[in-house]
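The next part holds the structures, each set out as C-alpha cells.
What follows is chain A paired twice: with chain B in the first complex and chain C in the second.
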Partner chain A sequence: NATTSESVSKKKGKTKKVKRKVKHDEAPVQEMEQAEGEETEKKSESGPCFPPTFSVSEIKNKQRRHSMFLKLKEEKRKQKLELKKKKKKERKALGDKAPPKEVPKTIENQRIYDETTVNPEDEEVAFDEGTDEFSAYFNRLTNPKVLITTSDRPRGRTVRFCEQLATVIPHAHVYYRRGLALKRVIPQCVSRGFTYLMVINEDRKVPNGLVLCHLPDGPTAHFKVSNVRLRKEMKRRGKDPTEHVPEVILNNFTTRLGHSIGRMFAALFPHDPQFVGRQVATFHNQRDFIFFRFHRYIFKNEKKVGIQELGPRFTLKLRSLQKGTFDSKFGEYEWVHKRHEMDSSRRKFHL
Partner chain B sequence: MAAKSQICSVWLGSETGILKGVSLTKKQAFNFCEMSCMSRDQEVCVMAWGDPHESEVLVGSVNGTVKTFSTDKGIFTATRECGDPSQGRFTGLAVTDSSMITCVESGLLKVWKEGSTETAEVNVGNGVCRMQQNQSQRHRVATGGKENPLKVWDLERPDKPIFTAKNVAHDWLEMRVPVWVRDIGFIPDSDKIVTCTGHHQVCVYDPSTPQRRPVLEAQFGEYPLTALSLPASQGTVVVGNSHGELAILDLRKGLVCGCLKGLAGAVRGLQCHPSLPLVASCGLDRFLRVHSLEDRSLQHKVYLKSRLNCVLLSSRELESSNADVSGDVEEVKAEEEEDEVWDTMETVTEKSKKRAAQKDEATVTGLDGEKKRKLIKKK
Partner chain C sequence: ICRLKVIWDLIGNKSFCSYKVKTKTQQFCRNEYNITGLCNRSSCPLANSQYATVREEKGLCYLYMKVIERAAFPARMWEKVKLDRNYAKALEQIDENLIYWPRFIRHKCKQRLTKITQYLIRIRKLTLKRQRKLVPLSRKVERREKRREEKALIAAQLENAIEKELLDRLKQGTYGDIYNFPIHAFDKAMEKQEEETESEEEEEEDEEESGTREFVAEDEFEESDLSDFEDMNNLKGSSDEEEDAEDQSSEEEETEEELEEEKTKAKSKGKTPLKGPIRKKRAYVEIEYEQETEPAQKSKAT
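Our next item is the complex of A and B:
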C-alpha cells in the first residue's frame, strides 16, 4: 500500500514532501477506508480518531490530501512559533544567566579541517612563496600588464564582458583572438612585456571559462565562469569606473592552494592603490567558489560606509592549476579538480 | 637530529632544497636542511641510496652539487661539485662500488671515482630525461629522453651503447611516432627494461632478443607518464602521469589492473617498497601518499609543505605493520622503536622514563616547528 500511494503521488508530479513520520505506514486497506471516513471530521484537527500509523499521503483524493497537508503544516508552524516564544520568554526571564545562544550549524562551520591550511608563521611556506613565480611581482620588480582575449569568434556578450574587464583591471588590453594558438601567442606576449594572459572562453554566446596564465613562466589557472552580470544588467549601479587603480580584497583563501590562487589574483593589479578613486575589487572565496565584485565606496562618517556596485560581477570555480605556461597536453598539473574524488563530501573544500 | 633521521623510513627531496624524512609509524615529518640556506637553486632533482645498507642518501641539486646525507648521524656529511647548471639538471644518480655516476640533461654522463678527480665521460645524446642503473648489474645504466631513444650503456665499455631501442612502426596514419622516454625501470631477474613515455605509452624492451623494437607496448590515459616503479611482485608496473593518475599495469598483457586514487597533482616521484606491496608517491600537490598495492587503498598521507621531486623508500619499512588497524601490534612495535631511540637519551628511572620520553618527543617536534602529527597513544 505504501508503495502504491507513493507512486501515485509521484505520478501526479507534485513535489509534496510529505513529512513522513518515523512510523512507516504499512496500513492495510481497511485503515485507509477508516481514514477516508474520518475525512468528514475535518474540523477536529488533533484527530484522535486517526489511527497512529495514518499518514496524509494515503488519502487518495487530491484536494482533500492537499488540504490535510496544509493543515498539518499550519499546525507544525504554530507549534514551532510557540516553542520559539517560550524559549524567548525563558531567555528574557533568565536575563544574564541565560545560556549562550546556540550557533547554528552551517557548512562553513562544519568544514573539514584541511591540513594544507597555511599557518602565517610557517617559514617553509613563507620561503616557498617568497621565491615562487610571483616573487617578481611581490618584490616590486615588475608591473602587471594584462592581455585579455577570448576564444575564437566571440559573440556580443563575451565581447562586452572583455571590454568591461579591461576597465576594471588597470593596464589591460583587449585583443581579438583571430584563431591564434595560445602557445604561439605566449612567447610574443612575453617579448612585449605582458605579465598576464587572460583568455575568456565562450560557449553558446555566453562566457563560461577563464584561463589565467602568469607570463614569464608562471602557473596557469583554468576556471569555470558562471553567473556573469554585465554593467547594464546591474541594479542600482554607480557610474562607470574611473582609471584609478582599485584596492584589492582577497577573502578566505586559507589553504596552500588558496594562497597560490589568491596571489595570482593579487598580481593582476598594480601595487599601490589610488585611494582617491575609492574603488575596490573583491575576490571572495566561499565553498570553493570565488565571487568577483567591483564597488565604489564612500565613508559617510567614521562608522558608516556606502557602497555602489559598478562593473561586472562573475563567479569562478577553479578547475585546474598547471605549473608552467599554458600547455594543457604536456604540462604538469599542480592541482586538478577530480569530481568523484574531491566532491564526495559536502564539507570538504580545497581553496 | 640523529634520532630523528634514524626513525625515518621515507626520504623526499623538495623544490625548496630541503631533504625531508618521514616516519610513517610515528606519523612525523622532519626537515633536514643545511644551515637554513634554503634557496631555489638547491632544488633537489635526484636522490639515490649511497650504499646498499641505506645509511647514506645522495642528493643532487639543480646547481650541480651532490650532497651526502648520513641517516645515522642526521647531517650532511659531504658535498661534491658534479657539473654546473649550464648543462641542465641532474637526470640520474647512481652508485657503484667506489664510484658515482651522474647524468645531466645535456647528455653528459660522468663517472666520478672516489678520491680522485678524474672522470670518465660518455655522451648519451641531447635531451636526456632519465638515467637509471640496473640494480643487479651495477655497471649497466640506461638513458632515455625527448627524441632520445632508450640506450643501455655498459660502463666498462663506454664508447657504444650495448643496446639502442628502435622506434615502433609508423602508426595507422603512416606517421612517425614521436619518442619521449620519461622514466626507465629494470625488471629484476631478467634482462628486460620498462619505459614510460610522455606520449602515454609504456614499452617493454628485451635486449637479449634480436628485436630492438618494444616487446610490449601499452597505453594509459591521455597525459604524459612522468614516473614509473616496479613492485616486488613480478609482472606489474606502477606508473603515474602529469594529472595525478596512478595506475598498476600488467606487463604480461599490457592492460590496466587498477588505479590508485587520491593524487591531485602531477606525480614526480614514485617508488615501490623492495619487499612489501606498498608504493610511495609524491608530486606537485605537496603530499606524500603511500598506497597498498593489494587492495589499492591509501595507507598514509602526509602533507609536506613544498612541492616534492623525488622519493626514496627504505627497506626498513618492514617494521611498520601494513594494517594500522591492529593497535596492539603497532604499540608494541612503536615501543621497540622507541626503545632504540631512547636508549641514546639520558636514562631516568623506568617509570618516569616513558613520561620523559613523551615530553622529549613533544619538544623534539616542537623545536622544528614541524606540524605535530598525532602521536601514537602510549600506555
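Our next item is the complex of A and C:
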C-alpha cells in the first residue's frame, strides 16, 4: 500500500510544482492500475489555479488533502500580498489626502478605563502620598533595611533565591526561619530598626509567594511569584552585582493601587543611587504582572545604551494588599484579588 | 459450637471478607472495631465472640466490649465504657473491666490506648503552633495565568522599555556630568544652528560666483610649500633625481594634505564645525590638478 500511494503521489508531483521527489523505479504494472484511478481523480480535482468547487476536506487521501490545503494557503497568502501592495500604491497615489493609518488594536489600547487611574497633577493623590506610610521614606527620614526570610524548612532553590535577592537589595539580611510565628517576629524587627520584612513562601521546592510587609505598621502586600530564574540559569549574564546602590525603574503603575505598590517597591531601595555602579533594578507592570529585572547598563553614545542582565528575575502578581502589618485573620484588606469578579473581563486590569 | 471456626473459614484466611484489604505482604482489616488493624484469627471482631477495643471520639477514649451473651442482640452487642482522661487511670480501668479476659486482648487494648493518647497529645501541640494552610489550585486557572503571563512578557518588551527609560534619564540630566555625551548633545544643537547659517551662506556664495573673477590662492596652497619646491630643485640636478624628488614631494604633499584634511576634520568633529563652508570647497579633484601642473612647471624651470 505504501508503494501504491507513492506512485500516486508521484503522478501528482507532475501536475503541480516541485513538492515531491519524483521516483523513477516504479513497477509498470502498478502504474497501469493507478492510471485509471488517476483519470477519475483528475477530473474531480481541478488544476492548481482554478478555484475548486469542493472543499479540501472531502479528499480522502491524507497526502493529497494536505498538499491541496497547502496550495490553498499559498493562494490565500498571495492574494493577501497583492491586496497589501494595492493598498500601499493607493496610499502613495493619494499622498496627503490618504486616510490616516489605522492603529492595530492591542490589549493595552482596548483596556477598560479604570477610574482610579492617577492623573499626574492630581492634588488629592499628591496629598495622600504626602501623608501615607511611605511619606517617612520619601521625606528622607528613614533608610531602608530589609529582612528576608522564608517559610518553614526552605529547600535549596529558595535559599539561593533569598541569597541572590539579598545581593540585589542593599541593606538586606537573610535570616533562617525556625518555625517562628510572624506576629512575634514583627515587633522584634521593629525594635531592631528594620523597615521591611520579606517572606518568601515555598511550595514543592520552588518559591511561589512573597509577602512584603512595611514595618512600622505599614501595608502588607501578598504576591504570587512565578518564573523565578536564578543567576546561574541566566543566559549571557554579567558578573555578580556589586555593592553599589542600584537605580530603580518603575514602569506602568497607573492606578491608585498601582501607585501604592510602586511606592512600596521604591521604598525598598536607598534614596541615592550610585551611578558609578551602573546597575538598575526594574519593576515593570504589564497587564497586572510585575516583571522584576536587574541589569547593568552602559551608555555607548547618547543614543544607544547597552544593558546586560545580571541577578535574578521573577514575576509577581498581586494577590492582596492589607492595611496594617501582617495579620491574615483580623487584618483590614485594602484590596483582594477576587477571581470571579475581577478575572471575568480580559481587558480590565487593576494595577 | 464451632460457629466461630466456621465463620473464620468463610471470611478469614484466604477467603473473601468485605473488610479485608490485601497488600503484597499483609492483610489488613478495615473493621472499625478491630483492635490491631490486621486480619488475623485473633484480631477479627467477627470471628471472636469475646472481643474488646479502645476507640477515640472527639478526644475521649472509650472501651468497647463484646461478649457472647449478647451475640443474639446486635443492637446491644457492644458495651461502651468511657475511659478516664488520665492515662494511668485509664489503664487501671481497662484492667478492671477486662479482668479474666484473654491476655492478648488486654495487652492490645492497652497498647492501643497508649497510641491514641500519644497522638492526641501531638494534635494538641500542633494546633498551638502555626499551621500550614493548604490552598487548592485550580489547574485551569493556573494554566490561564501562565499563558497570560507569557503574553504580557512579550507585550512588555522589557529591554526596549528599560533602554528607553535610561536614555530619557540621560537626556533629562539625572546623571549629571558623569558621561561626556552632553557635549555631543551641545554639538548637535550647534550643528543645527550651523546648518541654518550654512544654507544662508551657500546662497550668498552662489550669488558672488556668477560674474566676478578673482585670482586667489587655493585653500591648501601655502607659501611654505613653494619654497620647499625651489630647494628641492636646487639640490638635485638630473631629471631622474628630479622626478624622484617630485614623486617624493608629491607624495609628501599628498600625505601633508591628507594630514591637514584629517586634522581639520578631526577638529570639526570635536569642536564647533566652523569649517563647514570651507570644507565644501575643498574637493579631491583639486589635489589631482596640483600634481598634474607641477611637473610641467618644474620642467619649464629647469
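Quick note on the criterion: the second predicted complex is superposed on the first by the 267 of 351 C-alpha atoms of A that agree within 3 Å, B and C clash if a C-alpha of one lies under 4 Å from a C-alpha of the other, contacts with A are read in each partner's own complex, and residues count from 1 in each chain.
As a convention for this text, contacts are C-beta pairs under 8 Å (C-beta built on N, C-alpha and C of every residue); 3 or more make two chains touch, one makes a residue touch a chain.
Just so you know, these numbers come straight off a predicted model, no measurement behind them.
Trainee: Assess the superposed three-chain arrangement around chain A: do chain B and chain C clash, or do they fit?
Mentor: Fit - chain B and chain C, as placed by superposing on chain A, sit side by side.
Trainee: Regarding the shared-chain residue A:E123, is it in contact with chain B (first), chain C (second), both, or neither?
Mentor: The answer is first: A:E123 touches chain B but not chain C.
Trainee: With the two complexes superposed on chain A, say which partner A:F330 touches: chain B (first), chain C (second), both, or neither.
Mentor: first
Trainee: Looking at A:D272, would you say it contacts chain B, chain C, both, or neither? Reply first, second, both or neither.
Mentor: In the superposition, A:D272 contacts neither chain B nor chain C.
Trainee: State whether chain B or chain C is in contact with more residues of chain A in the superposed arrangement.
Mentor: C
Trainee: Give one of first, second, both or neither to describe whether A:Q286 is in contact with chain B, with chain C, with both, or with none.
Mentor: The answer is second: A:Q286 touches chain C but not chain B.
Trainee: Of the two partner chains, chain B (first) and chain C (second), which one does A:E341 touch, if any: first, second, both, or neither?
Mentor: Touch status of A:E341: first partner only.
Trainee: Name the contact category of A:V305: first (chain B only), second (chain C only), both, or neither.
Mentor: Touch partner of A:V305: chain C, not chain B.
Trainee: Between chain B and chain C, what is the tightest CA to CA spacing in Å in the combined model?
Mentor: 8
Trainee: For chain A, give the residues common to its interface with chain B and its interface with chain C.
Mentor: Shared contact residues on chain A (touching chain B in one complex, chain C in the other): none at all.
Trainee: Can you name the residues of chain A that touch chain C in the complex?
Mentor: Residue positions touching the partner: 106-108, 152, 179, 181, 226-227, 247, 249, 251, 275-276, 280, 282, 284, 286-289, 291, 293, 295, 297, 299, 301-303, 305, 307, 315, 317, 339, 343.
Trainee: Quick one: which bits of chain C touch chain A in the complex? Just the residue numbers, please.
Mentor: 129-130, 132, 141, 145-146, 148-149, 151-153, 155-156, 158-159, 161-163, 165-167, 169-171, 175-176, 178-179, 181-182, 184-185
Trainee: Chain A touches which residues of chain B in the complex?
Mentor: Residues 15-16, 18, 31, 38-40, 198, 222-224, 226, 242-244, 261-262, 264-266, 268, 284-286, 303, 305-307, 369, 371.
Trainee: What does chain A use to touch chain B in their complex?
Mentor: It comes out as residues 115-116, 121-125, 127-128, 131, 256, 323, 329-336, 338, 341-342.
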